[in-house]
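Pasting in a structure now, in structure tokens, and then I'll have a few things to ask.
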Amino acid sequence: MSEYKTLSWQGLWKNNPALVQLLGLCPLLAVTGSFINGLGLGLATTAVLIGSNTTVSLVRNLVPAEIRIPIFVMVIAAFVTIIQLLMNAYTFTLYQALGIFIPLIVTNCAIIGRAEAYASKNPVKFAAFDGLMMGVGFTLVLVTLGGLREILGSGTLFSGAEFLFGDWAKQLTLTLYVTEHKFLLAILPPGAFIGMGLLIALKNVLDKRLEQLNKQPAKVVQRARITAESS
Amino acid sequence: MQSLIDKIRQGRFFDFPGGVHPPGRKTLSNQDVIGKCTLPEHLYLTVKQHIGAPGQLQVKVGDEVLKGQALTRSTNPFALPVHAPTSGKVTAIAPHVSAHPSGLAELSVEITPDGRDKWIDLTPIPDYQQLPKTRIIEAICDAGIAGMGGAGFPTHIKVSPKKDVEFLVINGAECEPYITADDRLMREHAWQIRQGIDVLCHLLNPGHVLIAIEDNKPEAIQAMQVACQEKPDYIICPIPTKYPAGGEKQLIQVLTGREVPHGRLPIDVGIIMQNVGTCFAVADVIFTGKPLIQRVVTLTGEAMTKPCNVWALLGTPICHLLKHAGYEKAQQGVQRLIMGGPMMGFSLASEQIPVVKSTNCILAPTQQEMTLPEEEQACIRCSACADACPVNLLPQQMYWHSKAKELDKAQDYNLFDCIECGACAYVCPSQIPLVHYYRVAKAQIRQQEEEKQKADKARDRFEARKQRLEEEKAERELKHQQAAEARREAMHKQGDDPKSKVAAALARARKQQTSDETTAAPETADKVAAAIARAKARKAAVQQGDSAPSDTADTAAEDKQAKVAAAVARAKARKAATQQGHAAPSDTADTAAEDKQAKVAAAVARAKARKAAVQQGDAAPSDTADTAAEDKQAKEATASKSKTTKQVKPKDKVSTQVTAADTPVKPAPADDREEQKRQRVAAAIAKAKQQKAQKDRQQASSTADMPAEKVAQPLVEVDEQKKQRVAAAIAKAKARKAKLDMQSSADNQQDKTDE
Amino acid sequence: MSLLYALLAIGLLALLFGLILGYAAVRFKVESDPLVEQIDAILPQTQCGQCGYPGCRPYAEAIANGDEINKCPPGGESTIRQLADLMGLEAKPLDDAHGSNDVKKVAFIREDECIGCTKCIQACPVDAIVGASKQMHTVISEECTGCDLCVDPCPVDCIDMVPVKVTASSWRWQLDAIPVKTID
Amino acid sequence: MSLRIASSPHQRSQRSTAELMRLVCYCALPGFALQCWFFGWGSLLQFLIAAVVALGTEALILELRKKDFEKALSDCSALLTALLLAICLPPLTPWWITAIGAFFAIGIAKQLYGGLGSNLFNPAMVAYVTLLVSFPVAMTSWLPPQHLAEHPYNLVDALSVIFTGFTGEGYSLTQLRSDADGFTMATPLDAVKTDLSLGLTLEEATSKGQFNNGLGIGWFWINLAYLAGGLVLLKLRAIKWQIPVSMLGTILLVAGIMHLSAPDLFASPWFHLLSGGTMLGAFFIATDPVSASTTDRGRLLFGAGIGLLVVVIRTWGGYPDAIAFAVVLMNMAVPLIDYYTRPRTYGHQRQRGKP
């Protein structure tokens, strides 16, 4: 159980792929113009992560170390293709909105990173859970950033939810304010960078607080004797 | 080439980049002739006043010295002597605060003048042109002449170059604001300076002599022109006034357009530079024989009521000069004194700092004329510093890196080419003390390099040691192997004769013991014991507080207890020995040889040792003296053993108090056998004693010894500190006592043994 | 059919790249691990053991294998910074558990108290103590790294760690630390 | 009483950072005054808003960073940033846009980078670019010069428009911008750009009302005023000549060549030099010491780069004026420029590969 707990903590916060490892920044910054876009990409990435982690873990003992990376890439590519086709079939508008970033999940370092660093060394159940948590962590950052940018840039939230969830979700769209002068910067790429920077800063601040809260009592390390004392 | 000299003759000079124009304020002090100063009460001559090595002291406290007498001797090429500036008595040779930015104390000779001002016999060499050059250079060296411009480089090294000298540059630029010492010197002693230049020319044989004077000193220029009239190859160069035109490298650039390559000396571009003050001093030496004992010092600043130039004896404390110039601290607000000019001088930490060979100015500014440094603000990268830098550095980059301690990057920006002229900090609008950052960074880099070297050396030594230890170990192992082989061989020869084995074992034991004895010869052993006891006492004193041995009654009781315990131990050991059949410890089993006697002996010894150790451990605070007593007992025992054995040869088992070791001795057939055994027993006892003593030391304090019974009574009342001291004393006494006791109680012991 | 071609092409490419990679792996093999040497060169070589390893080199090896870089009190901040640069890590403050970066010290033996036991000689990692059995010992302060390993073994406690005295040449422009004499 | 210990040099020139900043402010005043004269009170109000927000932000963030903000505020750098920003903003920009700009300039572009001296980009220009990108309409709503305007406005109107969006008489900003024919009056640069893109020749484009002999009315004088202020700065050695000279020279050269090659398609170099923020940029913005190059050769390169970018962006870019973009882009190149233009230190020979 504690392993699951550690994995959750690592994936969601401590070793968050987006905020700490800074992996997969390209899709992260590119598609987080709105909450739903972020959510869509996040879910897709999560699905790929779980699938690839599970598969990699399953075959981990069969794969020769020398060619593991190409094999991982093949596995990931396969899952990405599956996801891509699924999205093409069921959430076509979103698929179009996300565009190239769906196929680009293949190159998302977060995925191959987890496959290499974790899944290839651990049993299936942990690997799958790790994929889930990393994916959720990534998704959380995506939706937070997407939500922030959407609120600042267009004054709405959850707009386009119908693309992901179907027509019923149209009513989910919240309009927070209407203005003649929209804050375009938030929607534009610089806004993504600035927002991302601020999120990372926020995380660091929180981490510092946490650290101060549970400060470890000072330990003293035994000094090694270099040379023997005389007998 | 010719065109260059033509250009110089026409007064067309080059320029160096950057530079600043701080207000000169030279008229403050250059109005009057150079004055004379009265003798101070004491003179402090720092032994090392130049770049290089200090000279070797020639005088001792109490010596009478004459004016001009050498106080130190030059022992290597980079050492310069210092001379007594007046006649008097050497009253101290001790560290005195020195003319260094750090204000650290350095070895100085304190002279109390006798007021007679009596010269030593002088030997001028006016016929220097007939003498060999080495003779002149020697005279210059013996006169202690170092560059008087500020750096203090030994002049005799500078005037004996290995290369041809194209230009001899005489530096009279004096670009620092406020300072007028060279200015006045040129105005008043141009003739003698010229004579000094003649001497230098004789030594260096330069192509041309350039006398560089900033054009804000027209009188000095004129005076020098007059003095050099008959020397057509002496060219007076009135160079434009700009700080730091007087810097060696900058002056070379201004005059010749040449640059001294990084890490090289001016002589590498065919130039030698000497300060006018140095020329004057050289002339002094050659024509009057006077060594360097005084120099012109500018006393200036608005806090001086009578700013002036003065001939100051080396070693004169600053406060004496300040008095001369009418220094009024009330005018200053915040007091500060600067040695050197306002751009490169350093602030003084004490008024007792003496004048040294490179002291050209004492500056006491008021707050209005030099505002106090404000708090440093953020650098706005205005690059005013880069524009002011005379060597084309990027001061702000160096500042960033120095501040961030990125020393390698700072070096990458040529930090070490900085001449610390202060132009950058002068212009900085953010009040950043840039030069200070560079100095700190330079010092850090030097320190790091030093540490790196030291670390490399330490690594080498560590590895060498490791290797040595390994070799030693291998050697030892080899020896052991050989010994083992030898033994095996012997065994083969003697078959399964148990005696030989025993003999070998005994021989080993004996060897060990003798070696023990040699290392711990009785006297040394006592000393060592005393020392160890002392140390323990100290340690105990530190740890004291919770341990209760200050209680005398307790001590006494424990002492007794310890004795009892020892007795019990002995008894038990004896018992063990007698009952060895069933009570033999398991570990004896493996050593159990065929030889019963040997087995018995070993078992007894071991058992006793263990028992004793355990017992003594229980009887907690038994002490070293006790140990000594036991030791003595043991010795006594062994000593009397032969007697005992003789006396009680057909002894019954229980009747005697003889040490346990005696028991197995009983059936011993031969004398030498007995001897061996005795030794083994003694060894065992010694071992036991040692173990016990160790345990004692760990838990008990030294107060719990026999003499403590007498002394410890007052301990209960006295405070902790006293207790500790007493404890230490006791510990020391204890060892002595133990020795005495050993002898005095010999009879007693004998009785006991006999009992 | 086209599927077959695609598979064939991919397979051939995989084979080709595999061969190149395999060749490169043999051809450009790195013989030794120079990282340890580099780290060792940065460490101050006091051999004090405060890092918990018996000597600087073992610690260097430990760092190369991923141990923390902030365990060397004698090296202090500058060593940590250099290590961080070398290892591509972030510099962090010295770990207090290993002691603090004190002023530089050297051992000094109070010679009249020395009993000549040679224990300190055996404890000194750099052979900076000279002396023989029953002769008094002395420290070659030039060689002493200030590790204070000799202090504990001394049975008579006659070894002191003395701060290295600042001289004019080793002075580092600590202007604010200059004691200023008061004038009246 | 004890002796004061300090590091040399003990003497210092008396110019301080605050003085330098104030000097720059003063020298910008004539141009700013002219701007107010031509385009109304709005600019002054913008300055006040920007100054209040900028100083407030600076104080707030310094407080958060636990630094002494009184001292930092007194160096006038925030004030200068506010002034430069206000100069760049259209006079009747809604107040909150100005506030966002000022906050962005100080909070993001300056303090997040470490405060005065550590910012990589010119804060005022970063803020301007941010606003321009975020609110393109509001940021290009320049009024016609007052004497050409259909509805000249007074101080109260300005206040009202800035804070509510309408004058007291109910005119909106768009109406204020319209000329007699109901067409909005763009800035000369904007107009030229639009017209050229519509296929008109330069001559046709510049024949409109806000042009006078091919140069924009008002802008011409304003630029001259900034030029004068800049010359004073040069004279007082507050800035160095390299950046303005190389920047204006490059504009002249590049625009000149282009104009000569196709007079109908490319505006004349004089038009480039004397419209928009060219002079302001050359003397007041590009010379910001913190974000500009610090070596002499570097400054020449830096200025030339800005000049080139200005012409290029004005001609082919999507926004009418280009000073801000050019400056920010070149700011980015400063560390590189500085590294490769290090001066040769005394006694060092120039080595190949290592300048």
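By written order: A, B, C and D. Residues from 1 in each chain.
Rule of thumb we're sticking to: contacts are C-beta pairs under 8 Å (C-beta built on N, C-alpha and C of every residue); 3 or more make two chains touch, one makes a residue touch a chain.
By chain, UniProt protein names: A = Ion-translocating oxidoreductase complex subunit E.
From a predicted model like this one, the values you see are computed outputs, not experimental measurements.
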In terms of CA centroid distance, which chain is the most far removed from chain A?
B
Quick check on this structure: which chain has its C-alpha centroid closest to the centroid of all protein C-alpha atoms?
C
Any idea how many Å lie between the Cα centroids of chain B and chain D?
61
Report the inter-chain centroid distance for chain B and chain C in whole angstrom, where each centroid is the mean of the CA atoms.
24
With chain centres defined as C-alpha means, what is the inter-centre distance between chain C and chain D in Å?
53
So which stretches of chain C touch two or more other chains?
47, 55, 117, 125, 173, 175, 178, 180-181, 183
Residue numbers in chain A touching 2 or more other chains?
none
Multi-chain contact residues (two or more partners), chain D
1-3, 5-7
Applying the document's contact rule, which stretches of chain B touch chain C when the two form their complex?
97-98, 100-104, 106, 319, 329, 335, 349-352, 405, 436, 439-440, 443-444, 447-448, 451, 454-459, 461-462, 464-465, 519, 524, 527-528, 531-532, 534-535, 538-539
In the complex of these two chains, what residues of chain A are touching chain D?
180-186, 188, 190, 194
In the complex, chain C touches chain D at residues 173, 175-176, 178, 180-184
Show which residues of chain D lie in contact with chain B when the two form their complex.
1-17, 19-20, 71-72, 75, 77, 115-118, 240, 289-290, 292, 294-295, 338, 342-349
If we count contacts the way the header does, which residues on chain D are in touch with chain A in the complex?
94, 97, 100, 108, 130, 133-138
